[in-house]
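What follows is chain A paired twice: with chain B in the first complex and chain C in the second.
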Partner chain A sequence: MSGPSTLVLARAAVPTARAVRWAPGASLAILLLAVAALSRSTQRPADIVLAIAAASLAAAVVSGLHDPAAALLSAVPVSAMQRRMLRLALLGVPALTVWWLLEALTTATLSGPGPLLALTACGVAVALWAPPRRAVLLGASTPVALFVAHQAVPAGTVSDVVARWQSDPWWVLAGAILICVAGRHR
Partner chain B sequence: MIPTRTATHTTSGTMLAADGITKRFGSVTAVDDVHLDLDGGIVGLLGPNGAGKTTLLRMLATVMAPDRGTLSLLGMDPASPAARTEVRRRLGYLPQSPRLYGGFTPLEMIDYVAVLKEHTDRSWRRREATAVLEAVGLGDRMHQRIRTLSGGMQQRVALASALIGAPDLLVLDEPATGLDPEQRIALRSVLAQTAHRGCVVLSTHNTAEVAALCQHVLVMDRGRICWSGTPAELAAEAAGRVWESDVEEPTAVRSWLTGPGSRRHVGALPAGATAASPTVDDGYLLVTRLAR
Partner chain C sequence: MSATTVSRPDATPPVPAHRVERALVGAEARRMLRNPVPWVCLALTTWMTWTVQPEPGEWPGSSYEGMMPAVAPLLLGISIAVAVPFHRARHDVSPAAPVPEVTRTRARLVAALPFVVVAAAHAAFVAWRERDLGGLWLGMEPGRTTEALHSGAELSQYVALALVAIALGAAVGRRTSRLVAVVPVLFVLWFVASTYWLFGAPGVTPFSVIQVQPVHLAVGPATADPLSFPSDWLLVGAPHTDGGWERQWVSESLAWWHDVWLLGLAALLLGAAWPRRGRGTLLAAGAVLAVAGVTAQVWVIP
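This part shows the complex of A and B:
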């Protein structure tokens, strides 16, 4: 009695990648790269561009968890969590590549993939614990909501807490991962 | 023919056992203190909408855990993650109204399900996927995109995905939905082959399907199993309590039109009426009404 082998997940990678809807994420990546290139050419501050990029890329990665055939696959030995992890791995590679390209194009103070990973992990944590029917929608909305809240909330304690994904992304990531681990059987 | 595998029966001989399983959603009790003990064959689950059939099947398919009570599937307790994975290796599940990947072909879809059922040998998967698609009558459509197939064909692709790997336990939620009469007959022979080596539990609204296919019937109402027996016994429940007439009968438990001016009734036979031959339909209507 053991979990699925690495070989099983490796075999599942290509069809899983085919099952993911890539077009929205690809369009978003092109748009973000174009905006980053524009801000570089006009020498405008790029911090906000990278913050928007972190939120929107994280939302795109989390929305990739949507699996139309989830009900049909709900009783296979490879668990829903393992299938989600596979999707996240597949979606994470291009998202990080886009992030690094954006960083290379801009000269923002926001550096490293921490904010992107922190927001993505927050989105995944919400998706795991939200009611199944709205899980991915709520999860994908979380990074955007955190970004908007950070912009909208006046400076103060609440704003500091909301902005943790930027100021202390690795702690936020660690916390979100713990929440994900607690919900691994969901 | 679907591929066969030597049945790996449990030491106890019981394929599926439930002891007082209960599932609640908020204030609604979807499944209420259900006890089951099934050895094999085809078991039909009948019941009105909202009776709890889908919730019960989801628990039997390890998709959902009961809030109370214990389950034993293929001799294992699916509450333990390791045992649940092992059960799933020998389980086929068709949910209600399943969705598929429209961009895949049926062959790719079944191959993907086979991978997720931990079959890593590519040639084996190809052979089995072809066999199950032929068994459900999609041999000539296996390379066509799923989004171009009709609803009935998509339902058969989903059924094929449940059949891949010759499961010992097959849990099917309304498998005949969207199938035409010819396809329904084909479905019966496919399920009969699976039942030969294991256990098939299916829900349906079609009593004719149950009469033709199932060795055992469970009738559910309001989350409980209100009747259990063979299709013949279910029909016999209405023996001497079915009659036909041209007028409404106030004493009947249930009445329905069977043609212009002709009505069929179940209930206490009135004086002077001649009892009609009972069907599974009659028995089902009677037991669900009497359970209320």
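This part shows the complex of A and C:
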């Protein structure tokens, strides 16, 4: 990253954070923490709660890529990908914090931020390659679609492939990052 | 010759309000029904319902409990389809539209009613499927049945849930600043609601959204003789419980009162989507129905 663009990004962090709509994500986090607390108090299995949390937090992070001022900012000497990375960093830190709190609250076997990161990367990859008009909407829907597909598909080969974001999240993350790198100029 | 012109009197009478509203309903219904999301979600729900069937060795009541939560994708699809037109009402041009906001809101809601018909058709499909399977399994010996069917009261929940899905979509669509943020919010709400075992405790069941019966009631320690319980009780014991005997209790009254709670919830959510005029009435009616529904459920559960 060149010097001037780093400076621009650093200066853009605060206004970008102000431009991000935090209310939906905050509501989501409160709801997930309440559900995790409920599952802890009733001593019920919480694996599915963490899976729902991974998909919803990933969708929320990807939905934060929506930038109403994208056309205006295209003139600044910072690429669209760098601005996306700034937004992902701003949204990713609170998402990981919520994930850590959820893990601490529940006793699920699904551990580590792998599923959350894998689903987020898949969503970002779709958002990069999808038609621009609906790119972020499709990207944000991808983690949700992967979760629902895993629930709907009966156990078997297809189900195993769809559930890779849970069973082998780091490989899925690596693959999605490669797709993102390939689409960095989009 | 005079340069003054006289405008021709407008010969066309004003269009009656009900015709304007009917045209709006038609346009909104076409848009909503063309949205592929609810139909993809309906296909998923149908598939998930189809794959629910009793299997030897299952948790007692697993298939019976699995029927209701399978509706979650359909409800998510309905909410998303309804959220889109309600989000459109946030655009700056909306206040300048020649039709009052109340009329437009009402037209959108009426246009969403075909989804209630879809939910009713799904309820009929579930009823048929259960009969096709010869009934579902509940309980374990000596309190067991292999011919359990969801009652009309339980199946009516699908219709009430469709109303809640419409109201939720309207509220979230109208009050969320960016449409893309609607997806994670609606997803979490419906899939958490479908995680039925979180709401299985008698104290929590009245507040559940997708209510899954039976309710489990502790009736005796592990040492109790199950034959001493009334013969019409469906029972479950070790190794499926913490050790004691539990009764799997199914109630039509509970299901009807749960519908009242859902109607109250739908009215409260609609209140969040409704224009200022008339909002108070909806919120008051919703609060009364919700409180009555929850109170009656608490009272019904033994």
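Methods note: the second predicted complex is superposed on the first by the 181 of 186 C-alpha atoms of A that agree within 3 Å, B and C clash if a C-alpha of one lies under 4 Å from a C-alpha of the other, contacts with A are read in each partner's own complex, and residues count from 1 in each chain.
Just so we're on the same page, a residue touches a chain if its C-beta (ideal position, glycine included) is under 8 Å from a C-beta of that chain, and two chains touch if they have at least 3 such contacts.
Owing to the predicted nature of the structure, the values given are computational and were not obtained by experimental measurement.
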{"item": "Fit or clash between chain C and chain B when superposed on chain A", "value": "fit"}
{"item": "Contacts of A:P15 with chain B and chain C, given as first, second, both or neither", "value": "first"}
{"item": "More chain A residues in contact - chain B or chain C", "value": "C"}
{"item": "First, second, both or neither for A:A69, with chain B first and chain C second", "value": "first"}
{"item": "Chain B versus chain C as contact partner of A:H185, first or second or both or neither", "value": "first"}
{"item": "Which of chain B and chain C A:A59 touches, first, second, both or neither", "value": "second"}
{"item": "First (chain B), second (chain C), both or neither touched by A:V78", "value": "first"}
{"item": "Chain B versus chain C as contact partner of A:L7, first or second or both or neither", "value": "first"}
{"item": "From chain A, separation angle of chain B and chain C (C-alpha centres, steps of 10 degrees)", "value": "100"}
{"item": "Nearest Cα pair across chain B and chain C, whole Å", "value": "9"}
{"item": "Set intersection of chain A contacts, chain C complex versus chain B complex", "value": "none"}
{"item": "List of chain B residues in touch with chain A within their complex", "value": "61-63, 81-83, 85-86, 88-89, 91-95, 98-101, 103-104, 108-109, 111-113, 115-118, 120, 158, 161, 171"}
{"item": "Chain A to chain B touching residues, read off their complex", "value": "1-5, 7-8, 11-12, 15-16, 18-19, 68-69, 71-79, 83, 185"}
{"item": "Partner chain A, residues of chain C touching it in the complex", "value": "44, 47-48, 51, 73, 76, 176-181, 183-185, 187-189, 191-192, 195, 197-198, 200-201, 204"}
{"item": "Touch list for chain A against partner chain C, complex", "value": "21, 23-25, 27-28, 31-32, 35, 38-39, 42, 44-45, 48-49, 52, 55-57, 59-60, 63, 66, 136-137, 140-141, 144, 147-148, 151-152, 154"}
